[in-house]
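Take a look at the structures listed below.
Each of the two complexes below includes subunit A, the first together with subunit B, the second together with subunit C.
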Partner chain A sequence: MRTYVEFAIKKFQNKMAYRLEFFMGIVNTIITIVVYLCIYKALYEGKAEVDGISYAMTATSFVISLGLSNAFHFNEMFIQDKIHDGSITNEFLKPVNFVFRLLWENIGEGLFRVVFNFLPAVVFACFYTKLCAPYSMGNFIIMLISVALGYLVLWLLSLIIQVLSFWLFSVWGIMTIKNVIVNILSGVFLPLWFMPDIIKKIIVFTPFESIYFTPIRIYLGEVTGMEMLSKLSLQLMWIGILGGMAGVLWSKGVKKLVVQGG
Partner chain B sequence: MGELRTMMQMLKMSFLTRLEYRVDTLVATTAVFVRESMNIIVIYLALLKFDKINDWNVDEMLFLFSILFVTYAFVVSIFADLRHFSDMIRGGRFDRLVIRPRGLLIQLILNNADLMASAGHGTLGIILFIVSAGRVGIVWNATTIMYYVGAIIGGILIQGGMFIFFSSLCFYFVELESVREILYWNMRKFAGYPISIYSKLIQGLMIYVVPFAFVNYFPAQYLLRKPDMANYNELYMYIAPLVGVVVYALAYVFWRISVKRYTSTGN
Partner chain C sequence: MENIIEVKNIKRYYKIAKEEKGFWASLKSLVNKKYEIKKAVDDISFEIKKGEITGFIGKNGAGKSTTIKMLSGILYPDSGTVKIDGYIPYKQRKQYVKNIGVVFGQKSQLHWDLPLIESFELMKYIYKIPKKVYEENLKKFVELLDMEDFINQPVRQLSLGQRMRGDIVAALLHSPKLVFLDEPTIGLDVVAKEKIREFIKYMNKNEQTTIIFTTHDMQDIEKVCERLIIIDQGKKVYDGTIAEIKNKYSNIKNIEVMYEDGSKEMKTFDINKIPMNQVMEKLFTEESIKDISICEPEIDGIIRDIYEGKIELNADTKGE
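For the complex of A and B:
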């Protein structure tokens, strides 16, 4: 465990070296926030509530989910690149589990972005518009756990596509399509409250809600008490399912790789 | 005429290169298409719930988007090399152009045309146009068609002019990726929506500094006449196609002045 945490810390420090990238990232996030908050404001047009959801709730949901989606961003071409240049074989020689190493490196990168992208963006948004405070201290703490679980759901979805690069020459196209589907159905740009009923019905059977929307609903107090625990267990269930799928694909892929290499 | 032949040759080479990788090209085109569709899907779903944004309904919004995509489809191929111009300077590839017997800008135009991106943006733009154009109440006659074509050409020239302008800055500052990124790409994010939803500062930037408003907003206003046009000078609608010519000409003059400063990064 200690070794893997080291990987996360290294990656965090690594990222600190690129100040320009960091600055660009913030500008990018802030501009996206401004664009969408202007859109929501225009959509609300002075209405206090739409379907029982206020503008402040929508704005809060958007800022949190966009911030998290930026923070949860990592190099999704990593495995493919490693396979292409053959260096993946070196990884197997090392006395650490490659997948766990990747997870912790990505977590390190994610934490970097939480500190240097998400938090500045939230501070900006607080000055820019009125956001909702957390429903209660308890909800806030549970929300942090839920965010971590949401991250794992997203990470496993990405891993499944990444592992396909054992079979496909390029997963870039599939990855792009996956990201669009995730961004829409997990409610990053349009909170799931406002989705057409038919889409809401489909989303229930997918892991997408578990990524950003569950933590947001806990934060806003839409979900409280024991219901929070059932939401968390739903997230855990998806982690189990996706983790299982990724595990099966990974071991098959590795076998295939060994056959190919001479 | 030699210039035109050079450009056509460049286009042909880009096309032939792409044909070598057929499957990859198809996948990349689809991915660009899907990626760019995201904002459209989001605004479409949002308008199913909210009906209107500053009095623009869903068809009018799609029409506004279509102009942005159709023009960009041309820009991304015609001015492809200017997208990574600072790399070109740093890598010394620009030196090769300097010693050839053709104008510098001519050699850059249509070179390495990003035809996959063009196909992705273009298909999306055309689909949006087909879906929306008949439903937004535009009377398509000789005047409106001429205006539309003019506005598209104008939009291409505005964005091309911006590409040339930012590329010219590379002669002064070698590392410029970031400024261009902030000004061009971030301002473009604002461009899909009616600019009247933004604060005065952003509106000013969109009209006078990075003139995306003339690419799609004012041309769409000429054809649609939405009430939020009352916030702006009516003249802007009529001059929209001409703005492109002016922006492009200014950028070209700036390029000519800047290119004289060029000293290779090598030794």
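For the complex of A and C:
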């Protein structure tokens, strides 16, 4: 475990080397927040609620999901690049699990973005517009757990596609499609409350709701008490399913590499 | 001394998809792909004793890296067996790799954005190296390889020679018993090469590390190795000491001929086939020759002759 935490720390430090990228990231996030909040404001046209959802809830939901989607950002072409330049085999020379290593490195990068990108943007957004406070302390803590689980769901989706590069020359196209689908169906830009009913019904059977929307609803108190636990177990179920798929694909891919020689 | 490595009849063939030229041909190949079989390693066997230092040479594409990959557990042989220090590398990879150090000179394993020292620190956690051992090794290696000046620089800013030294240190910090170095001197200047040779020798002598390394530089071999394995087109063509190979090919004479117009030419003769007196006779009948000098075969020349097929190798020249 210590070894893997160390990977996260190193990646965090690694990111510190790129200070310009960090400043640009903040500027970018702030601009995005301003633009979208203007759009939402226009959509509300001064009304207190739309579909029973207040403007403050929408704004909060947007800021949190944008922040999380920034934090959940990592190099999704990593495995493909490693396979292309042949350095993937080097990874097997180390007595560490490559997949866990990758996870922890990505977590390190994510934490960097939370601290240096998300938090400054939240502070800015608080001054800029009125946001909702967490529903309760309990909800806030459960939400943090839910964020971690949501991260794993998203990370595993990405891993599954990354691992396909053992068979496909380029996974860039599939990855792009996945990202578009995730951005729409997980409610980053348009919170899922406002989706048409049919889509809402479909989304229930997909992992997308588990990524950002579950933590947000817990934060806002739309989900409370025992219902929170059932939402967390739904997230866990998706982690199980996606983790299983990724695991099978990964070991098949490694086998292809070491048995067939790439 | 007991064997640390036992390699028996390993083979590794690659299936290479044939690229068809032209639109229809490439469309057809989607359905009916043609493959070419490349025999990268074709029935190689050898044994290596604990504490030995062995040079692995051969032309480009001879199968050196493929062999090293199989020995380090990241590639399955198609057939044959590898047994190293009680492990079957490709089957017990996770356990096995704790005991070895590997450097692929053409591919760095260091963290591009981090200062060198941070990559070393990471090794401490990856291999769970005790603090004391880590600090001792680091101090010693940094001194031996003269790395104080650039150890705090990010790897992306290092020169090739500096980076290579970094890679070697990173692979040895956990004091592995067995080390594979695939072209550790590639692209380095004479001074850097010398440093690395000294270091390899030091590790072998003082830490009893068993070392296998590949190179295209015969100086590396002459200065560092006791033993030499030559492979060609996936087959082992020589396995023995350097002294033996020089001895074995003492029948091969290189004669430098200087012509009257001042031009020089190197001629190779096998005195087992043509005795020296006949060689001389032949040369003296050529009128335009001004001078000749007979050179003892240098290891460089012998190896070149082997690569170029000027020296025929048969079963009894395999050094076994």
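Operating definition for what follows: the second predicted complex is superposed on the first by the 259 of 262 C-alpha atoms of A that agree within 3 Å, B and C clash if a C-alpha of one lies under 4 Å from a C-alpha of the other, contacts with A are read in each partner's own complex, and residues count from 1 in each chain.
Simple rule for what comes next: a contact is a pair of C-beta atoms (placed from the backbone, for glycine too) under 8 Å apart; a residue touches a chain by one contact, two chains touch by 3 or more.
Keep in mind that what you see is a predicted model, and the values were worked out from it rather than measured.
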Which of subunit B and subunit C A:C38 touches, first, second, both or neither: first
Touched partner set for A:P95, first subunit B, second subunit C, both or neither: second
Partner chain(s) touched by A:S170 [first = subunit B, second = subunit C, both, neither]: first
Contact breadth on subunit A, by residue count: subunit C or subunit B: B
Partner chain(s) touched by A:V50 [first = subunit B, second = subunit C, both, neither]: first
Touching partner for A:N183 - first (subunit B), second (subunit C), both, neither: first
First (subunit B), second (subunit C), both or neither touched by A:N28: first
Of subunit B, residues touching subunit A in the complex: 24, 27-28, 30-31, 34-35, 37-39, 41-43, 45-46, 48-50, 52-54, 178, 181-182, 186, 189-190, 193-194, 197-199, 202
Interfacial residue positions of subunit A with respect to subunit B in the complex: 20, 23-24, 27-28, 31-32, 34-35, 38-39, 41-45, 50-51, 169-170, 172-173, 176-177, 179-180, 183-184, 189-190, 194-196, 199
Partner subunit C, residues of subunit A touching it in the complex: 2-3, 6-7, 10, 13-14, 17-18, 85-87, 89-90, 92-96, 258-261
Complex interface listing, subunit C residues touching subunit A: 12, 14-15, 66, 69, 72-76, 90, 93-95, 97-98, 100, 102, 104, 107, 109, 111, 113-114, 118, 121-122, 125-128, 154
